[in-house]
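Each in structure tokens, the structures are laid out below.
Below, subunit A partners subunit B and then partners subunit C, in two separate complexes.
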Partner chain A sequence: MFDFCTDPDSLETFRWMACYLTTGKHMGFYQSFATVLILLAVTAPVALSFGFGGAMAARSRIAPLSWFGKGYIAIVRGVPDIAFFLFFVIALDQLIEWARHKVICPDWTDPIRQGNDFVVCSAAKMPLGTAPQWIHEMYGFAIAVITFSIVFGAFAANVLFGAMRAVPKAQLETAAAYGMNDRQTFWRILVPQMWVYALPGLGNLWMVLIKATPLLFLLGIEDIVYWARELGGTKTERFTDYPHGDWRMWYFLALLVFYLAFTRVSEMALDKLMRKLTHGQATTGGEAQRRVEA
Partner chain B sequence: MSCIDIIADYGLRSIGIGERLLPRSDFTLCHQFTLIGSGMIWNIYFGIVALVSGFVLATAVAVGKAARSAWVRKPSEWFIFVFRGSPLFIQFFFAYFLFLSLKQSVPIFAPFTAAWLGALVVLFLNTAAYSGEIFYGALQSIPKGDVEAADAYGMVGWTRFRRVIWPTMLRLAWPAYTNEAIFLFHATTLVYFSGFPAWQQRGDALYYASYFADKTFNPFVPYPILAGYFIVLTLIVVGIFGLINRKLNRHLPQNSRQKIRLRPNLIR
Partner chain C sequence: MKNLILSTAALALTAGMALAGSHSVVRMGTEGAYPPYNFIDDNGEVAGFERELGDELCARAELTCEWVTNDWDSIIPNLVSGNYDTIIAGMSITDERKEKIDFTTNYTQPDPSAFLAMSADADLKGGVIAAQSNTIQASYIAESGATLVEFATPEETVAAVKNGEADAVLADKAYLEPIADSDADLAIVGESVLIGGGVGMGLRKSDTELRDKFTAAIDSMKADGTLNALIEKHGIGETF
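Our next item is the complex of A and B:
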């Protein structure tokens, strides 16, 4: 990175560190922080829309649809989350390959499950064996995003379902009295009002989502945990210009600090948003604000 | 090989009793049920020991956070913030590598690099922080009248805490604490997926479930089995905590008792 980095052995501590922290591999490490942020930026809206759909389905008058919605909400209760992460990734991957197999190779006669193996024709592999590396990485990342969205969507559905029920009934009855049909009542009266009730739950969910991002590592993505283990491990002079002992402890300390800072900033932002939303509301929070101002 | 033999061979495999080698082929449903069930021993061990020891520290931390002196309050606040603000996954990794480097200079730390003790310490501190926050919230919402009544009876200090404040705090916190307990049992599945290695393939339930999923390329059997075991465990926890809740609320009229409501919770 810097031009004095040509001979690391001769450098004093500070410059050595400056060179060490800007090697190509470390750039990969810094990029993986971006991976985490991208994951959050993509997952949050997708999970929210899954949650919205789930809550709508659970409220539905059509029985099977309502069962589906309630089942989706209930699915995450009672079972460790991490099991879902491990399960969905393989299940989704196999589902996609199985579907492609059925379409692309209809005249394939061998069974797909041969004992302990899962075999599809090579044209149905996802991604194709010949695809470049970045496609494989993108595919893995996309599967991870879908998995996160399904699991967090269930939680969001639970929050939104509760929020929809918290909107005062009188509001909906008034809408009906004005001659609005169910659809109009839902979109014009219920949805705009439910967010205040949903925000504490959704904020909580956001914090949980932040803290769930290291699980990317389990899904085989080269995320910050992967790089911290990789870079922190003992390096000898044979393989690198920057030999050092086992520094994994320090790398994970850095990750710990990163997450603490991230959750702290989020907490403050959510507090601010909540203050704004409760402003002028006929709730205890809004009342307390009014009294402070007066 | 009948299912009884398999249970005899693998029933206690996770704590090192029975067959040494894991099955490598011809996995039957019985194999999967037995081994994953065997792994549950670890989940239950981590859950119960961390919960009981964490309870004591949680009470101390909650009282500390509610204290007036900044010297007591600040450390408690920081303790809660650090353990609630960062992912448990990273905490496991950090603790493992911390113990590894401590081991080099202080040999006493050698057992801490094994999951049974090292991961337990992390879980203990983690649940203490989460429960501490719950107890702190309950401390803040103890009815003023209760404390005033205790004062009127001439209770002070330790007596007042033990006979009035602490029981009321527990009663108010119990529904939330039940969820925390369930959540902690779920969190025990993280142990063997972060830093701490499974010595001689003695892992927890998820460790074996993913072993089968890897070997058979079929996630549709082991993970539902795991889910089934955890649902049973959750029901047992809810049952026990419900009994304690009844006891804590026994002096109240029926309709003003607090009910335990299950709230789904995810990753910490």
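Our next item is the complex of A and C:
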């Protein structure tokens, strides 16, 4: 990075640190912060939409749809995250490749399952074996987003399902009395009022999601915890220009600060959102706001 | 000698034609946390003995190779489901692993594993010994009668000895020696033990052509002495 970094052994502490913290390896570490933030930014809305769909399905009057919604919530909530991440991701990847294989290579005669091996024709590989590494990484990232969304979508569905039932019946009956049909009642009366009941639960989920990102390394994505462990580990002079002892504590301390700062910012944003949502609502919070203004 | 190289090159070439297209890029899966076998260097690239070896093997087999890192615990499941094509991660050839995947011929001798401990009189027979999970060292300890504590990464096994959680750690001697040299508190103790059938590249059982290509390339490196030179350069252990 800097000109004076050619011979790190001769540098005093400050310059040594400047060189050390700008090695290619550390750049990977800094990039992984962006990876985590992007993952959160993409996953949260996708998971919320999964949750909304799940909750709508679960309260549907059509029995199979309701079974599907309730089954989704029950199964995904019941399976440990780590098992889900190890099993589901490989299964999802194989499902995609299997489907592509059936379409692209109908003439293939060899079995797809050969003992432990999963073999599809090379044109059906996802991504193609010839694709550059960044495409593989993007694909892994997309799979991670889908997996996180399915897991957290199930929790969100449960929260939203409860929130929809928490909206006072009288509100819905009044809507019916005004002549609204079911659809109008749902979108105009139920949905705007349920968020205030859902937000505490969704806020919790968001906090858990922030801290669940280290599961990313199970999917082959190098996240901040992986890099902290890798960079902080003891380095002997034979393998690096910057030998040091076990510095994992310092790296994890940096992660601690990052996570605490991030959750604090999230809390403040959620508080603000809560104030906005309670405004004008027939809840204790909304009533308190009305009195302050009156 | 020259003939042998020529014939392996020819073999590699014909094998390459037979397989044209299906392996235009071979993805090499490694752990990147086990120096000197494989580690991530200051630039964030995979480096070490297996990086140099793998690049040379790919050149000899006329393959384009790409390096990927993967967690040790899920390294075999990701190979068999096709996320990469080879494992080149200091993995010893054992019968247990052979049930799931195939190996090339070994490119190191059966590795001498060594104990690293804080004191010379550590109880290696009945004490608490640390090892990385899913390794030959871990199964060796489990059978030996000592108490085994397993860790996911090699780094943690050494840390367990330093903080007193374990009496000693059993790992490849080549991995432990630089650590013993650089840390005054730690030393190699007791006798080395020979376990496993040497380190080889792991491949899917269905990928026999690729396996044969790499085996041919390894044999050609054994024959012209370049493999021995690499083993000595990185301090891996016994030469062939």
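Here, the second predicted complex is superposed on the first by the 272 of 294 C-alpha atoms of A that agree within 3 Å, B and C clash if a C-alpha of one lies under 4 Å from a C-alpha of the other, contacts with A are read in each partner's own complex, and residues count from 1 in each chain.
As a working rule, a residue touches a chain if its C-beta (ideal position, glycine included) is under 8 Å from a C-beta of that chain, and two chains touch if they have at least 3 such contacts.
Because the structure is predicted, anything quoted here is derived from the model rather than measured.
When both complexes are overlaid on subunit A, subunit B and subunit C end up clashing with each other. When both complexes are overlaid on chain A, the residue A:T240 reaches subunit C alone and has no touch with subunit B.
By the touch criterion defined above, A:A288 reaches neither subunit B nor subunit C.
Of the two partner chains placed by superposition, only subunit B is touched by A:L215; subunit C is not. Within the superposed three-chain model, A:M249 lies in touch with subunit B and out of touch with subunit C [touch as defined at top]. Once chain A of one complex is fitted onto chain A of the other, the partner contacts of A:N158 are limited to subunit B, with no touch recorded for subunit C. In the superposition on chain A, contact of A:I135 is made with neither subunit B nor subunit C.
When the shared chain is aligned, subunit C comes close enough to touch A:E97, but subunit B does not.
Residue contacts after overlaying the shared chain place A:Y259 against subunit B, while subunit C stays out of touching range.
Stretch 97-105 of subunit B is the one among 43-51, 97-105, 133-141 or 259-267 that clashes with subunit C after the shared chain A is superposed.
Subunit A uses residues 86, 90, 94, 116-118, 217-218, 229, 246 to touch subunit B in one structure and subunit C in the other.
Residues 25, 27, 81-82, 85-91, 93-94, 97-98, 100-101, 182, 186-187, 189-190, 193, 206, 209-210, 213, 215-220, 223, 226-227, 230-231, 234-235, 262, 264-268 of subunit B touch subunit A in their complex.
Residues of subunit A touching subunit C in their complex: 23-25, 27-28, 86, 90, 93-94, 97, 114-120, 122, 125, 129-130, 133, 136, 217-218, 220, 222, 229-230, 233-234, 236-243, 246. Taken together, the subunit C residues at the contact with subunit A in this complex read 21-25, 27, 32-33, 35-36, 39-45, 47-48, 66, 68-71, 74, 77-78, 80-83, 85, 100-101, 153, 155, 158-159, 162, 178-179, 181-183, 204-207. Of all residues in subunit A, only 76-83, 86-87, 90-91, 94, 113, 116-118, 151-152, 154-155, 158, 208, 210-215, 217-218, 225, 228-229, 232, 246, 248-249, 252-253, 255-256, 259-260, 263-264 touch subunit B in the complex they form.
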